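Please see the structure below; I have some questions.
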């Protein structure tokens, strides 16, 4: 029963965060000086009917969030008949608005492009986690040696390179050897089967390296300090006294204990993960939602910006929740209260 | 720890001093920009087609950018923007973070919990997308960028300060102060804050680096301030217009400059952090060959020093003479 | 042949600036099958270090600079690390003080005991053995599935003992097994240890500062001070006829159940810091009967009666072998 309470508590917090994000998202775009939606409506090239449609859909003829006059008249239902309510009800129906630039529903655009970003993020994270953990473990085990110093310095150095700049360097260096733009060579389609996927794979190499190296350093440094902490604990001495070899101790005692903080770190850096993806997709013209944001910023396509931000925020909140729950399952010491 | 002690320990670390010199070099360039830069980037110039993205030559050591301007001068003046943004944004986030952390840690209870909830909330939201959205809506401008970075990056400091305060709060000298009725503000400022300060300094230095990278990312993605050409903005121009021409003289130097500054700050910051918060941990899993350092053959020494059969037997096994 | 023969063991700790701290200096003792030894002294006198040295389990800064340790005739220090591993736990096992973190908190207790068995034995029913061991120390076998934090302090200590016995070693080294436990639990542990001695002929090396516990369990006593042996003999002799001033003061500081009215005296001063050892006898600064020679010359360990050894200058002129 304790676990159920814990889950509910964490889920509740995630929900509250989500609500705040939604409200914030709404108001941010409404306090614009020179509301772009109105600018869109007043676009002379749009015919009257289209203007009316957009007007009603977004409730632009209504009050922003609470109709005080209606409330004073005792019309409670009318008081809430506002832009904000329209926004929320649209949201719940999956309607994120229409893109200014592409004239398509934002949700459709997102649906088409999301999976590309997911592929990229997954590949990059796997590389970062695997390399980060291995190097961190190695550095901690050989603490104080030149190998340790070397690994640490490499970590600090990669931390100092902005992700996008590292991408640019790779583009300059690898041009001609590996594809540096887009996801797939024009002409190939998913129905082509293996040739398509292997081509995607080749296009995935540089962006993945860029992303992977970017997160590598934080994972590596956390793993290192986590292992260092673990290796100073009494139970490691017990294991040694029992006659276990170094490799056995690392494998059976150190790893599991040291990995627990890693879950927390991965969850915490999820937010930065997305930031990295935006940069990488921009540099490599990878057609995911990161590149979408970049284009939307350039074209001031606010519905797309708003919708994409919401999608990202929801994903990160959900991922954090999953990480929290996972941690509570894996660490038997966690008090479920 | 006193500043003097920190400085002395700092001086003994080669990596930290390297970082310091690297940083001082950049500060020097930023301060003396008008004298160091061969051209004034704000001046309008007449350009011909050949001048656009011209490769380096004697007049322009780093070539020219997409508008024909001297890259080296832009680079030098860009140092001012980056450092300005870095220091100001970091300062802001440190102030906010420290205040939140001190309050949450010292007062605890409902106030503390609420503050920590807010901190948690901000930590979850992905920062770059949020910054992109805010700046897109609000408009460009260097002050806006500084403000946005400052408002979003204080969370780590807050947590750090809070946990430090929690541990310092229970120490004897604080409890004594409270027992004699010292006011809250006095306790915080005279007892708790000095303990927390060294860690804050370390974090502040690291935050400057974070801020500079954040600004450069925003600028690269197109939201920089056109009136204040930072290194990130140079990279934005370079990427959008120079990448097909492989104009490395425009593409690489601004990025290298960013890495230079960040690395210097990171070296300094991690060194301070290490000095102030040393984790003196022993280590059970090391190469044990060094453990036995006895001289070979020099085992038990001369026979008359052995104990014979020990206490139990009571046998007259050779007395141990003095 | 002795079960364990420690000869002239000296252990140093290397500091950052290269100086060596002499934590254990010329310690010798023997252990016979079926007999138990108590190592007594204040905290920091080197008793734990000595025993870690015997098993070659010193931390990274530790160096065995002199001595031999013979287990049933085999020089443990001459073995390779691989060979040494075969001796650990199978013949000499260890129970740490404060078993709070001596067990891995994220693994089940039963698993950790099973691990010890698997390392040294094969072909036996591990699960059954684990259950037997837990039962032996008075823990319900079902508790094997629990985690260490679900055990009480006393239970954890008993679980550690169970684990230490997993491979039926000849020697059990127990470092402060009853410190930090309440009196009732202490009594249980002591009773358990006595049972083990009786039933299995287990030799226990009990490292402690608690003289009462030593009197119950041990046959011989080694009194250490400042890293050196002060006195060594049977329990009878040490408790009834102590010769070293330190031993005498230790016993005076201990409440006597037959004479509860006597005022307890503590020994003024502190043990010597390892980086500033006195040039002569290490106890001299606190000794009430010190003479001139004590401040300049370190006393050797002399056998003053069959099986009774003391390191003190005032006993140089005893008739026994003077």
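Order of writing sets the chain letters: A, B and C. Residues in each chain are counted from 1.
We take it that a residue touches a chain if its C-beta (ideal position, glycine included) is under 8 Å from a C-beta of that chain, and two chains touch if they have at least 3 such contacts.
All figures in this text were calculated on a predicted structure; none of them were measured in a lab.
Note: the chain lying farthest from chain A is C, by mean C-alpha position. Nearest to the global CA centroid, when each chain is reduced to the mean of its CA atoms, is chain B. Remark: among chain pairs A-C and B-C, B-C carries the greater number of C-beta contacts.
Our note on geometry: chain A versus chain B, Cα centroid distance of 24 Å, whole angstroms.
Look at where the CA atoms of chain A average out and do the same for chain C: the two points lie 56 Å apart. Averaged Cα coordinates give chain B a centre that lies 47 Å from the centre of chain C. Within chain B, contacts with two or more other chains are made by residues 282-284, 286. In chain A, the positions touching at least two other chains are 233, 237, 240. Put simply, chain B touches chain A in their complex at residues 15, 117, 120-121, 123-130, 132-134, 136-137, 209, 213, 216-217, 220-223, 232, 235, 238-239, 243, 246, 248, 251-252, 255, 258-259, 262-263, 266-267, 270, 279, 281-286.
On chain C, the positions that touch chain B within their shared complex are 2, 7-8, 10, 12, 28-30, 32, 35, 56, 58-68, 75, 77, 81, 219-220, 232-234, 237, 299-303, 305-309, 316, 320-321. Within the complex formed with chain C, the residues of chain A that make contact are 233-235, 237-245, 252-253, 256-257, 260, 330-333.
Residue ranges of chain A in contact with chain B, taken from their complex: 13, 16-17, 20-21, 25, 28-29, 31-32, 141, 143, 153, 156-157, 159-165, 168-169, 171-172, 175, 225, 228-229, 231-233, 236-237, 240, 246, 249-250, 254, 268, 270-275, 278-279, 282-283, 293-294, 297-298, 300, 302, 305-306, 308-309, 312-313, 316-317, 320. For chain C in complex with chain A, the residues that touch the partner chain are 55, 57, 82, 85-90, 93-94, 96, 98, 100-107, 115-116, 119-120, 147, 149, 163.
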